[in-house]
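I am attaching a structure below and will ask some questions about it afterwards.
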């Protein structure tokens, strides 16, 4: 099981860059409303409240949105990333200048709601495969610019990550294989072997097949992981027997919640789920003002 | 009705910046897979195909992802942004170096699927209010960094935009009013009037109320738009009579598809829908390789 | 009247970015002179002194230039932005490492002199229209890159701002109308109406006319503000009667100080003055070293 | 004399960066007005016209503002940077998509008007010293961010540049000398000599004095240029005899046009004029639409 | 063997960014010398000549430095990256505006000399291990900012790359193990297993040992590669027998050319050599002007 | 001799930018190894130890790499930049969170080892010319992006700097002269004089000659420094007599350590040595963990 100190946090500098970008987008030349309506000396205490149950993700990002807007804002979380909470739970308390808290509110929520939405959905998939050896992993179908945070949110939900990008692992997909073998000019096994010999020894080598008859040619090249794409549960079961531990096995292809347990039961090592990040439901969180007063 | 030349395109420079950011995120030091498996001289023709029906958004972004990756790639769209298409429609044809097309594929799709998802959902809301004077508008609950594109996607679906950011219009919300009138130190009407007098004459002044008894104080300040938050349909109807054209009226607050027509029928001018952008279902689009060959 | 808490400050992050850019421009690889002539341990106390009378603008920017160069520098202002001061007034006291204070001096002064020059000029225009309802506003004729600060300086002088940019309000000028109606293909009122229907409800819609016979067609479209460009005082007076409150009225077009009161007396709501920012006289401020010593 | 091919142009990449920054500032998310009022297919021909006489500066910047906004815009100048022109001269012809030309207009003018204003003012100072050996030079009192362009504008007017920044030459001013000799701990000549010995041999070494009795101590250190600050014409004349060619001589300190010829006649090598850039009068240039039509 | 199409090129966008950064560093406000001495119309033909023998690396970077400085410059290489050349070989021919070629020369050479120096040194190591199965790999001891290019240069010399960064593979070094097992609180095998279970399945897991008695505990955790640091040849030989194919084996630790063949003969899979990049000898390449003339 | 307060430090902001760039390169999305193996609460004390003798350069950069990674890390140097140290000297002590120290280690070392390598090599050249008036200077053959730091390292070794870039001094080289006089169209002296007249008076003017017969024409133009390129010691001696103090003299051209004293003895003012920076040997420094424990 995922022990707590094992939840790898997103890089602080990277979080900082993303939050600054979002704050600039949302207030390129300041917050007109707060400036004309709220006294500079006014201070507030506010609570981040869960309006539905879920799993938290986004502590650091929420806090950064507040403190980058104004270092005078303090944020204290009472629930930690990766923890489940019920409706109406107070997740955090915010204290600071009213103008600044109101200016940062939407950006802080936009991040935390999206990330908690991903964590909550991931946790459902993870719960479904409990007791099997299958791990639920994300894909590259993430929001442009937010991959670092969305991968972290998947981890908060108990899921695992796939490769970060095109640069840190090989994943040869159907299109690569189609082009590679077009016109019959190259033997697949030979081509995969030559490719592998070129790569760093630290580069994981994974190949996707969409037909069982490709499996042997791929395994013969000595791949680390073989991805079975759009296989029926029955085909997966048969393929697991054929592969027999010669590579890790990843099941993929439009796999949704109802079918996940059945797939995990085939013994596959990895189930990748694009829906974890490509179709996010923002979790309903709100910021409630508790008290306001002059400094 | 929205005539075609009226679909305001996103700024070219801004699209360029966003696409470069996404390409860098997805391949910080190149695409290992394409480089080791695909010959540099290989070229492909591929089709962007709709795997479900919807409304297109993202022509420019999809094309930019391809051409920034490699200026030798050409993209020709057969459907335009804002147009409805059925399942299996060929939306665009891509031609160019195979390594580059495969490297750009995921980023191009991530943008176009997300934007078309927003356009498609928006179109459903817009269809629902047809024949009323209500316009469907977005909110600031957008994906951090992508607001420009998500607002455009809303327009592609026939929706309208609300303010872009905290800097270009005033929207005084419940939290502002609560702080403003805390300790009873300031009269609401007076405070709103003073605020307005400070602002540029070009700044739209909108105030949110969540109780009917706040309406007169707000109108007395001479606001441009009054937002009725979380009002029942019945309350909306009563308020419309009370307001009687003294300001534009926006209905807001968790308004989902089933209730939208009933709300529009009350005569409100604007219905804002956070769900248009905060919980996006990526539309299922795919890139199919048609033919490959050496140059 | 502009009460003090109403002076909207420029965004802290934006000020920071501009100051860093200016410091980098002025010392891309350090300040040779201070490094070779001043001991690292030397500290100074210096005063920012007004060498002519004026209105202050630039507190935050002056202080940021000092503290970004060296966090060990402290700056205390004895006059606030928006306040009038006489010749020889000590505006601020600076204390810190001598090398750093001398390195930051020119950039800090360049900002503060320019901004105070704008504030001082604006205050003259504002004083001239005292007692009328006309507000003095700036234009987009600002220094490239410094619009945020120059608009703030106008506010310090008691003026108001016009729209920030092409993105946050519509202002249809003579060139737009000329192209729009070229070849007689489109009816002006109809074109304006269609345009407005496309835009967010928060977008202010202003149209410039340079002949009285255009006024009715423009008002018929329901604009928010009508700009009367290069009208004589007599023409302005006549037009005010014709418009009769159907829109805000802005007078513009090379309006200089001597004529401003006469124009205000016609009852226009807004007088825009390009000269506030396009031809700035830097106010004469200097930094005088009071005391120096080793740490 | 300054022959024409000797007019050093600003770096193309740097111009590009500045223009992009200004365009982004003026249209962070596009030009609403042009998009809703002008058909995408409309094209215009326009002329850049001088509304007052002057000296041109800003060809490249004006053209870059147009072509970066839209590569389909062409700009042809009929007057070159550094040339004098009379009122009503057509300086350039612009042709391209109407939406884009109108979007770029203000930024292009803001640059060209400011730069031509500087060139025109500089040319007046330069004409005044004709026949003497004195060169008119700028100072570091430039607009933050625009130093590169403002220095170029000075050259267009026939002036010369002083050092670019704190990093490329030494200029020890009164404040440096005051701190250096505070408490009598260091001998001035010795301190200057030690400083010089530390610096690259390519670093110009200039020292400012504000009293004649400092001259010998400074010259004894072997400086390249001695700056006489706020000297009367009589004092300048006496000092020239004393210095007798042992260093270049720069006169500085609030030197305005009426006094410039008298100062040049004393035989000084350099006269620095802060007013060239710190108090710029934007030259009145306008863009007139000549013809418009659909493509 | 490394076939030619297998030489993975550095990402075009990344090369572009690095070259722009270097050009800006070397000419922040243009090239004074070329501007004042060379006529704008002058054109040159020049040759990139090898002043010593070596292996080429840097085609794209050299060409980019020229073409980013001025798109009018053309560069044609007659030797390709990865090819060996003798002294006096003409590697490339450059043609274009003289001002621009001279401005770009030093930056273009700085890149190509450094990269070719790395490729040439790598090729010596690679030649030394010919006939063994050992691959020569680089380390993270690269020049800050230039890792992408230096890794490519290693590939040009026939070497392989290790992981790119701390983010794309695990390499637990002596310091990690020391901290991990400090105070005896954790079992090494168990800790490594738990770590691996947390990571993406695509993350390569390598552990360094500096004593033979650590090998079994590390192998028991199921690592992908075991690094033997500072082992004598005799110790390496014994360890290879002990490991017996249970993991890839990397030899490291100050391994220089004279000892490399002996180490390769022990059967290790990988030999990492920090000296490939941490102590680079720039290869002597020069740009010779062949002909100059006016356009 | 270089007194201590005269060691000009690199600009703090610039160091910050370079270190951030390097940290991002080395851990674009965090340090996997430390995160999965080291407890967040673990703290370490570590020492920066010299594994060979040398001269230190890089205090600020090393410390910045640590403190930017984590402000909770403290670094205390016991040796200062510019000081010589023997093998096994403890140069600095580091204390802070173990995860962060290990993440920053390689980047901190990469900078300090490279810079100290340059300082150490420079010190050897400087020692060799002791007692002569010649100064050892660097060239533009620096690592792209690191010029600021490499120039500082040269200063730490007791060397001096040449010009920073193409923008801050003129150095006309053989290629410039060849193009300038191609086709015999321009007289060299005249061309140099005209160029100088165009430049700021603060711009140092240096010309390289590679034949003695060019010397008079160059001196006649009044240059500041004449560079004698690839002259034999005998030719240098003869040229020094001919030049007789009419300009500073710089010897250059592949000058290595064994010949340096003989060249200095000819009385040249400056000896430029490309090897100081183009072929750097990283000094062997290491970070040794002293103690680890939980917080």
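Per-chain residue numbering starts at 1, and chain names A, B, C, D, E and F are given in the order in which the chains are listed.
By our rule, a residue touches a chain if its C-beta (ideal position, glycine included) is under 8 Å from a C-beta of that chain, and two chains touch if they have at least 3 such contacts.
None of these values were measured; they are calculated from a predicted model.
*Asks:* Taking each chain's centre as the mean of its Cα atoms, which chain lies farthest from chain C?
*Replies:* E
*Asks:* If every chain is reduced to the average of its C-alpha atoms, which one ends up farthest from chain A?
*Replies:* Farthest from chain A by mean C-alpha position: D.
*Asks:* Chain C to chain D: how many Å between their CA centres?
*Replies:* One centre to the other, that is 23 Å.
*Asks:* Distance from the CA centroid of chain D to that of chain F, rounded to the nearest Å?
*Replies:* That pair's centroid distance is 32 Å.
*Asks:* Among the residues of chain A, pick out those that touch two or more other chains and give their numbers.
*Replies:* In chain A, the residues touching two or more other chains are 6, 8, 27-30, 32, 36, 164, 167-169, 194-195, 198-199, 203.
*Asks:* Quick one: which chain pairs are touching?
*Replies:* A-B, A-C, A-E, A-F, B-C, B-D, B-E, C-D, C-F, D-E, D-F, E-F
*Asks:* Okay, in this complex, where on chain A does chain F touch?
*Replies:* Residues 5-6, 8-14, 148, 164.
*Asks:* Touching residues of chain F toward chain D in the complex: what are they?
*Replies:* My answer: residues 2-3, 6, 8, 135, 137, 160-164, 167-169, 194-195, 197-204, 206, 224-225, 248, 250, 269-270.
*Asks:* Quick one: in the complex, what on chain A touches chain C?
*Replies:* Per the touch definition, chain A meets chain C at residues 20, 23-24, 27-30, 32, 35-36, 39-40, 68, 70.
*Asks:* Within their complex, state which residues of chain F touch chain E.
*Replies:* Residues of chain F touching chain E: 18, 21-22, 25-34, 36-38, 42, 44, 46, 98, 102-103, 105-107, 110-111, 113-114, 117, 140-147, 165-173, 175-176, 178-180, 182-183, 191-192, 194-196, 198-199, 203, 278-282, 287, 289, 292-293.
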